[in-house]
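Shared between the two complexes below is chain A, which has chain B as its partner in the first and chain C in the second.
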Partner chain A sequence: MKVGYYPGCTLKGKAKALDETTQYAVGLLGAELVEIPDWTCCGATTPLTQTKIANLIAQTRLLSKTRDAGYDALVTTCPFCFSTLRRANLTLRNDELKRKRMNTYLAEDRRLRDYETPPPDYVPYEGETKVLHLLEWLRDTIGFDRIARACKGSRNETLRVAPFYGCQLLRPAEELAMCDPEDPHILEDFLRALGLQVIGFPERIDCCGSYLSVAKPAAALRASYRILDAARKLGADTVAVTCPLCFFNLDYQQAQMLREYPEFRTIPIMYFTQLLALSLGVPLDKLGLESHRVDPRPVLERVPREVPA
Partner chain B sequence: MIRISSPDERREATGRLAELSNQNIALCLQCGKCTAGCPFAEYMDRVPHQIVRLAQLGLIPELIDCEAIWYCSTCFTCESRCPVAIDIAALAEAVRLIRQSEDGVEMYGPDQVPADIAALVPQQALVSLYRKFAR
Partner chain C sequence: MSRYGLFICHCGRNIADTVDVPELVRRFKAEEGDLDVVQDYAYLCSDPGQNMIEEAIRKNRLDGVVIASCSPTLHEPTFRNVAQHAGLNKYKLDIANIREQCSWVHERTPEATDKAESIIRATLARVRNSKPLVPIKSPVVKRALVIGGGVAGIQAALDIANSGIEVVLVERSPSIGGHMAQLSETFPTFDCSQCILTPKMVEVSRHPNVRLYTYSEVEEVLGSVGDFKVRIKQKPRYVKADACTACGDCVKVCPVVIPSEFDMGLQSRRAIHIPFPQAVPAVYTLDTDNCLGLVLLACGKCREACDVGAIDYDMKPKYLEEHVGAIVVATGFDLYDMSHLGEYGYDRIADVIDGLYFERLLSASGPTGGLVRRPSDGKVPREVVFIQCAGSREPERHKGYCSKICCMYTAKQAMLYQHRVHGGQSYVFYIDVRAGGRDYEEFYRRALDEGVVYLRGKVSRVFEEGGKIVVRGSDTVAGGPVEVRADMVVLATPMVPSHGADALSHILKIGCTADGWFREVHPKLRPLESVTPGFFLAGAAQGPKDIPETVAQASGAAAKAISLLANSEIVKEPIVAAVDEDLCVGCRLCVQMCPYNARSWDTDRRVATVNAVLCEGCGACAAGCPSGATRQDGFTDEQINAAIEAILQRIPEIADNGEGSAAEENSVTVAK
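Moving on to the complex of A and B:
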């Protein structure tokens, strides 16, 4: 089974571990993620003001390219890409004027570009491509029950995981339509399928500080500290995240948290795909753990690493 | 210096904010749920429900001088809890847009972020920061 895959910029740069474990784990589940041709940045955020119309071009181009490559859906792991692409898709479906403007631009753009082999004429994009987060695809196409069977040999119910959603997977809920923004459970369901012990974690829907870690570092540090402090107090061994920016804010900032908050104790952060690969029997040295500031290995050594029979 | 604007000017300003942000700010009840849930309200000089009130009153000069508009991480917690579905992140973005078009000063653009920070953070942090906080 081949699936149209959009990694996005960060997964090819600072979050290689997320990209690699995604591809590795999906391969073990019998599918193949194929990157859509000539992909570019998705724009990272949804333009919220009505005049920022040009900020929809990248998304429209990506979604039409996915369709032209013969895929009915685009699967992405990064919540920023997911949110931006799904919201843009909704706008393109519902807003006739914006759809017209995007399609006019992209048709013109294709004619004017200097291609070695000119592409076929542009077919207006009407919102046909489905945008899926990897979690949704794993649940609806592979099935959490099948994942649970595949992970059976390496069950380890002693690893206590705090699931962390952050903002981009959840909100605005009426547009993303993925989970209840106040009481989501897809990540919990997924982690339980892996055979891990899932902690009830009220802070899982909070914001880690996002890009404020660049603009307002003190505010982002405090937001991330509150999340980790709560996870630690609830007895979590690790916090599972889906987003490279949550990962950075929660992992990298811990050195600063130790200086700022004397009672703080470090806690390793894991991508959900690292936990999936781990539970599928992938050895620790193939999980990209060397990129973590807080080493998860002491905690993970408890999980059996034999490939399940 | 206090600049006093006429009722007509203020009505026009309210209309401009509502149109730019595509939000029906007149509906705000001032219940404060947005402020209660905002992870960065403690850092803001005007908290989220006050921003909406200033927008209802059309007080653009007060709004564009707020430090608060630079503390919005667009996490949409306010939007998801608002009983009348106002997206305050969109309103904050509209205010930033007006601010940037009026004074032209870039505070968080590629030239303002130190090179060592830019090299350290994930790519998406820079792209989203520039798209939200720069022109």
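Moving on to the complex of A and C:
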């Protein structure tokens, strides 16, 4: 299976650390994720709209281009890209009418857009490209046991991590088929493979506040505060997240939490890939930690570390 | 020349609203030929409607009749009886289903009327090619089999036995009693479950008309209604039932300690055991899955300890054949496995249990003697949360149906807990409280009066914190989140069909619903009979039921079985396979294909034969016969080809292709 890597827009901007640590860590695991050529927008929230054509174009174009470039599967790290691509792919596979609409549109579109070179024949896309989240790929292709062996010797087992899933990885469960949305364990399994201390964290599937941080900042702040407060009370050193939006709500907003909730104490947030890179022995200055509002370095430096051989 | 009649039913507006019935009458009347009578009527199944048909058959001396109406599963017997009464062989009457297969599934369009015409023409073609048939009669074996020894099976067996008919009662576990024997007190009267059940257990085991096989399973059922041959496997107990005095000396020396299934693992048992003190029969059973080995070198302690020499390591499974006329299926239920419910912390938190566990904690014969103690540390819980609909009414992830009994048993358990633990507090999370049934709503009110706190809403999270189990959910009455810090959580998990019910449905060849419950013929009018004749359904095997309903249904199923066995012979539809022996080439394909053992090979005459009594008329052998020797009476090749041809004739491209020759060719390809 030839696998292409799709970072998505946020990973090239605000969540650069997520992209860089992914590439770094995967390299250290002896594998490679090659970015697919000329990737375009994943479509973000367009599948949620009720239009007939526009809501699936971005995804179909991207997935058919991935197939045409010779890839069988596409791995994403951003849960938003993962969710929108996986769900759109399922719709294309199962809904004949929508598939027909997309393919008719894209066949025409390619002819109209290609002004200089004669257009190659458009092959209708029927959902062939597999859409995987990095966690799934690490579990099924690399193997958590192999990761565990690679991380052996890193001295992070005193680092207490609270896993936080966010919403996009889990739901709608029937469509994403990632894991049990009420009782997931893939992130815990992953973090345990890294040799970290994973704490039982009931708030792990709560809502971080999501886009309410724009419309109703106070409500989003309260949601994030509850999660971090619970993590702190359970003795977590850090909260592991998968999603750039969770990261924004949980990390960037802590300054505001300090103002709103006097007893609040800050807690650093880490992307799961940063923890992977860390456990594989990547030095702290290469983890993109400078972009964090709450500096994780004091916590990470407290933990005795040793680079594995 | 033969004369035929066609009667078209309006079915009130069911057919007439969609299909243009007067137009159909006009079309068929306009036709030259053998169709002597064409009539329509508002309700052919009504008394005047039936009289009209009967009169027309007599007056015109009709040789065949087509009734265009509803599905044959509803009124074929009705109209065939009319035909018989009018002196016509009743198999010369056939139903054209223009309701379920036409009017109900179409809008009122000219095409709908055309389709109804096609269906009628095909049926006419079938009737024109049909032959008069004679019903098959076979004697009835006046004995019954009851599968499952829970309260449903016990009740059905007792009722049948009391009518003087011999009953074979088969139970797969070492004792009869089923789940009811595990319960503490029952709703809505708080009477002790075992106290009311055990007399029945003893009665059934001592009844002169009951032959009880415990630790036994039905392996094979052959034959058909009135005459079943049943093969039963009696698993070896390694303890001679007639010699064992149930003294218990063997248990004391058995070195293997494992969790007791009867006590839901709350207590241990030995490899040689009796499930519970009141077990019937009161005989020990050696469970070989856990025994150190039946080799004397390995252990052999129980045999040494047994003074009466009841233990026999050389016991082999016994296979018994029983001959019965009717079978009652009473295989009961299991609870939905809690391991599917990770969100309620079952796998992480020791004190999250299900309703049946809690019954054992409440039961006077249970591991705690009826004192409520939590499994993790044996402490008395001060606060208990009950979660209703844990896995039911959740079509997305679990079971879509309402398990029906949980509202009432939760109310009962919540009260019983507060009776046993003074100062204890029960909380119940619910979606709705469904308390239909006499005295049920009052029982629920009593729970409220006794201070059980009912919180309307779903639970979102269950986790441990500081030695307590935190149950977080929503309270949709108060309109906000709610959190209860409890010592124990009881999940009201739904009833599901008993494990093995699926395999049994294949052995018995009876149908199931999508959820795996045994299906009845008609949910309202024939709720006690399986679709396959001769099988009756009792208790929770058919769907979630409480004890009163289970017992009532078991008695009903018994009455049905008795009324079947009261006949001296069974009249069977002659829709069976028959062989033209001159054409049989002796390939014996039919013998291999028959799922009912109705086909066999006559070694002397060297032809394949049919046992018409066993034949269910599935048609497999007739379709498979390469030489055309086997025919299916009522569905012969001539009839089916003629029906297909009648429809193809109405498709212009085919009909125009020269005098229907193409149609003929086509029909042959379709039929073969």
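General remarks:
Quick note on the criterion: the second predicted complex is superposed on the first by the 288 of 309 C-alpha atoms of A that agree within 3 Å, B and C clash if a C-alpha of one lies under 4 Å from a C-alpha of the other, contacts with A are read in each partner's own complex, and residues count from 1 in each chain.
By our rule, a residue touches a chain if its C-beta (ideal position, glycine included) is under 8 Å from a C-beta of that chain, and two chains touch if they have at least 3 such contacts.
Because the structure is predicted, anything quoted here is derived from the model rather than measured.
When the shared chain is aligned, chain B comes close enough to touch A:G13, but chain C does not.
In the superposition on chain A, A:L62 makes contact with neither chain B nor chain C. Once the two complexes are laid over each other on the shared chain, residue contacts for A:A173 go to chain B and to chain C alike. Touch criterion not met for A:L191: it reaches neither chain B nor chain C. By the touch criterion defined above, A:G200 reaches chain C but does not reach chain B. Touched residues of chain A were counted for both chain B and chain C, and B has more of them. When the two structures are aligned on the shared chain, A:E182 is found in touch with chain B and with chain C. In the superposed model, A:I147 lies in contact with neither chain B nor chain C. When the two complexes are laid over each other on chain A, chain A has residues 173, 182 in contact with both chain B and chain C. Interface residues of chain C, counted against chain A in their complex, comprise 342-343, 348, 396-397, 461, 463-465, 470, 472.
Residue ranges of chain A in contact with chain B, taken from their complex: 8-10, 13-15, 41, 43-45, 47-52, 55, 78, 80, 166-167, 170-173, 181-182, 205-207, 209-216, 218-220, 223, 244-245, 247-248, 252. Partner chain C is touched in their complex by these residues of chain A: 173-174, 180, 182-183, 200, 202. Every residue of chain B that touches chain A in the complex is listed here, in rising order: 19-22, 39-40, 43, 70-71, 73-77, 79-80, 87, 89-90, 93-94, 97, 108, 113, 117, 120-129, 131-133.
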